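Letters are used for the chains, namely A, B and C, taken in the order the chains are written, and counting of residues starts over at 1 for each.
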Amino acid sequence: MGLTGVKLKGLVLVLLGGLLLTSCGGSQQSQVAAGNLQGVFHMGNGTEPQGLDPHIVTGLPEHHIIQALFEGLVTKNPTTLEIEPAVAESWDISADGRLYTFHLRHDARWSNGDPLTAEDFRWSWQRALTPALGSLYNYMYFGIVNAEAFGTGQITDFSQVGVKVLDDYTLQVELKEPTPYFLQILDHYSTFPVHRATLEAFGSASSRLSQWARAGNLVSNGPFVLSEWQVNSHIRVEKSPYYWDADKVKLNAIVYYPTENLTTEERMFRDGQLHFTNSVPLEKIPTYLKEQPELIEIAPYLGTYYYMINTTRPPFDDARVRRALAMAVDRKLLVETVLQGIVEPAYAIVPPGTLGYDPPKLFSYDPEQARELLAAAGYPEGQGFPAFDILYNTQESHQKIAVAIQQMWRQNLGIDVGLVNQEWQVYLDSQENMNYDISRRGWIGDYVDPNSFLDMFLTGGGNNKTGFSNPRYDQIILQDAPKVQDRDQRYALFREAETLLIDNMPIIPLYTYQSSHLKQPSVKGMPTNIMDYYNWKYVYLDAQE
Amino acid sequence: MSHDSGILTVTEALPRGVSLWQDAWVRLRKNRLAMFGLCFLLLILLLCLLAPWLTPYGYEEQNLRLGATSPSAAHWLGTDTFGRDLLTRILYGGRVSLMVGFIATAVALVIGVSYGAIAGYAGGRIDGAMMRLVDILYALPFMIFIILLMVVFGRNLLLLFLAIGAVEWLTMARIVRGQIQSLRQQEFVEAAISLGLGPAAIIRRHLIPNALGPVIVYTTLTIPNVMLLEAFLSFLGLGIQPPASSWGLLISAGVETMEEYAWLLIFPGLALSLTLFALNFLGDGLRDALDPRTSKD
Amino acid sequence: MWRFIGLRTLLAVPVILIVITLTFFLVRAAPGGPFSSEKAVSPQVKAALEAQYRLDQPLFQQYLSYLGDLAHGDLGPTFRYPGRTVNELIIQGLPVTAELGLYALLIAVLFGVLAGVLAALKPNSAQDYVPMSVAMVGICMPSFLLGPLLVLVFGIWLGWLPVSGWGNIPGDKILPSLTLGAMYAAYIARLSRSGMLEVMSQDYLRTARAKGLPESVVIIKHALRGGLLPVVSYLGPAFAGLLSGSFVVETIFQIPGLGRFYVQAAFNRDYTMILGTTVFLATLIVLFNLLSDIAAAWLNPRLRFQFRKAQP
């Protein structure tokens, strides 16, 4: 043993020493304090981003990073959400609202110094619509003339699509109908430009296997450039010297951390590792509100949490049953107890305050009437009601809500409900194949307009999946509303459609989302807004705080 | 070998066995930790089994307005965020945790003992082939397979038993095979063969009872492993379905709120940890008691 | 000896093939595909995606081409992270998990052996009960309970150590290593206790004592060597187990290791990533088992002889 013993002892000592050295060296200053001085923003960002190709990714974590790296024709003011010029300096809209002419600024550049021109947009949009790429957000373009035909492979000649390069700095877009929210779509990352030469250098532009969007390869046109990306550890972006509005950008860098576990994220914040968290664990909210209200920010969010009903399965094919279920849910109790009072009860699908739209309120919590409806449908006191399940994806908060509703239905209607949780991909599959009785679902608006919620429930719509179908509803959403330019008139049509929907009750609205974040006092220029939207060039850190 | 001597050996084996068990029991009683473990275990088992008669609450009975309250006269261990009585949930959760522990171990026991006994008794080529298979299975990344199974086939208690049982039988098979192999060469078995007993009867009546010591020890140590495995799966969201509960599920929920509602972590944590302690101490005690080599000191 | 090694290596090949085949078809049998999305996916888009990842081919052909790629050491592209390969993610995650496992094992050996030896010196006394009880905390407290508790005490209340991360902030490696190590300390304590007890009752120790050697010399020079043999043969499988069992700790502490990649892949239906990590870990486990068998055979001549006899 002699020799090996000595060797082993040495090895142990070296390793332990290493562990201690790497661990205990360095200063005690927190990451946040250091970040405040250096202008480095540390942010909890939910899950690990799938990628940074604006035409491929779909999630919010990706959005937060792409918003720093790229920029579209327009951007939004973080306080008012009004459209502001970005790559486009100005634009003209024809009288019928169908022809947009964008004048691009001459000093817009890519992060390698290349000038950014109208052709970059045309090429990027063609790429995003190319069927082989399989972009999940290709429907964002479908308001443009012939974009849908190109995107679904019916035509292969992009020059037939309503996108024209008039000169290097002028781009013209022709729409099928006057789409009042079209400018908002241009601030969605699926319409951001990508750098053609870089993409082509890394293989086929429509390949998902391309490595162009990696640290070291990625060329972008936004206020920041990608400098480091360690999967499951962090992503770092640094201020771009070529950005046209670089004078306005105050942060020197942003570091994004994947934080799947909310509890861990909250501890990281408390430990001074994060300036800003992606979310706040429900249980911590009352404590923060009571003890450190200055650190927590809660704001209305453009999203609705609801249960959808499979109306093709008896007994849910009876609207009275669906209404009884909806009326037997005490949303106020649910919100105040399970959800810690930070969200608002919802009685319709479109969140209130969507740019002045007011959703109808057609029912309220009424266990008495719910019981009558159920009796009329043939189930007095819930007798003989077949067994059914609430489906939700595996997560603590969904489970809590389901458990509470299970109890309410049992108490108010005398019916027994089972709970089924499936993990995410299986849950999505069950919804897709309508293999459920009642399923939880949340919907976040892609843009601030009732249409972003109401076009879900078109007959056979990919996001409908309830079996709801109403010809008048389809006509309003597809034919009538898009033609109307006057806001009041449009909203009246939407209200009519939503009334049809809620009367039929293929969904049980539960509550309107709220965004919640923990934010260090040093963070400035990050106001709350209904889209939970951050415009990074406005954000700065005040070391004095 | 004469007919007579065979009978003699067979009958001799029995009193020797009985006195071995008596000896072991005496030794075990001297081991205070093991006895504490045994008593604690019996107590917990009793409490969990009698749960419906012990508490006035149902395990899924909510009181949303009440919410999470610390221990009080009405709720001895407090309530969770739904206002459900924690004591009740721990008792019912214990049923699930213990059931998983015992049933999955029983699955492992049945497979492992029969497989090991057959291999050990048959010997030769059959034994070689059967044990190579065990070697192969040993090399599979089982934790990964269990996760995969739960993801693929959904959360199903029966599957959980089978999956865990299927992992744990391997060591059991090895232990039993080793025991049987050495026992087989002893005289009383040869006597039983000459008496005309079939292999199944010999394995069942003579070999397994004599190999029981190590099997009991290993079983006692497998149960806590299995319970821990169930807790891990609960943490990953792959355990049993709510509103039912298990200790693992209660703990992983309690961890989330440990600063706000410490009791939601402390009590389920104590229940699981103390039970695992008890099982481990009992297992160690049994090993010392049943293994004459280590008990010489 | 060489024959023994050769046979074991030959045996490893079918094992790994079985793992690949089993995992391949098991994953495909799972409900939910890698491209399910909360927003509706049109049939055209879905077809385009499947074509990009060769999922439009017949299943058996996919299996064959997977085996073909594997023969070249190519585990394929991941579905979850466009533009990344499974090889690259494994190469990125492995050192992190290996380092975590190494520190954990060091801690486990240090505490485990100490507790086990102390206990074996005076069995059934306080010197036995106390260290063994402390060591047992590791197997009686699931790591998802121990980890957050340590974080709460050392990270939040005392503020001594960072609460998460790996290599970003000084000191962030201590708590995860401790949490993972605790689990194995108890097993090692047990193994060394029983190993020591067995050795101490053997004749050569009595001879050593009879020769009048001081007790400390007897224990350190003679007893430890034989008594810790089971610990040595446990280390191989333990390290392999650490590698695949670290995902809970990696999740709690946000560590970018292999375990977390695996669990995420399983949930995301990232077919190639699940397969890749499973195959990789299976190979590692086979390898470590092999190494520990060889090491044990080499350390113990009696066993070496047995092995020779066991192979027909």
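Operating definition for what follows: a residue touches a chain if its C-beta (ideal position, glycine included) is under 8 Å from a C-beta of that chain, and two chains touch if they have at least 3 such contacts.
All values derive from a computational prediction rather than experimental measurement.
Between the chain pairs B-C and A-B, more C-beta pairs are in contact across B-C.
Here the chain at the heart of the structure, going by C-alpha means, is C. Look at where the CA atoms of chain A average out and do the same for chain C: the two points lie 38 Å apart. Centres computed as Cα averages put chain B at a distance of 23 Å from chain C. Look at where the CA atoms of chain A average out and do the same for chain B: the two points lie 47 Å apart.
Within chain A, contacts with two or more other chains are made by residues 263, 422-423, 426. In chain B, the residues that touch at least two other chains are 151, 154, 255, 259. Within chain C, contacts with two or more other chains are made by residues 30-31, 148, 156, 267.
Within the complex formed with chain B, the chain C residues making contact are 11-12, 14-15, 18-19, 22-23, 26-27, 29-31, 123-124, 129, 132-133, 136-137, 139-142, 144-145, 148-149, 152, 156, 190, 194, 197-198, 200-201, 241, 244-245, 247-248, 262-263, 266-267, 274, 277-278, 281-282, 285-286, 289, 312. Interface residues of chain B facing chain C in the complex, by the touch rule stated above, are 30-31, 33, 128, 132, 135-136, 138-141, 143-145, 147-149, 151-152, 154, 224-225, 228, 231-232, 235-236, 248, 251-252, 255, 258-259, 265, 269, 272-274, 276-277, 280-281, 284, 287-288, 293-294, 296-297.
Contact residues of chain B toward chain A in the complex are 60, 62, 64-65, 67, 81-82, 151, 154-155, 237-238, 241-243, 253, 255-257, 259-261. Within the complex, the chain A residues that touch chain B are 263, 281, 283-284, 286-287, 333-334, 337-338, 394-396, 399-400, 403-404, 406-407, 419-423, 426.
Those residues of chain C whose C-beta lies close enough to touch chain A in the complex are 30-34, 36-42, 44-46, 48-49, 51-53, 77, 80-84, 89, 92-93, 102-103, 106, 110, 148, 151, 155-156, 159, 162-174, 177, 225, 251-257, 260-261, 264, 267-269.
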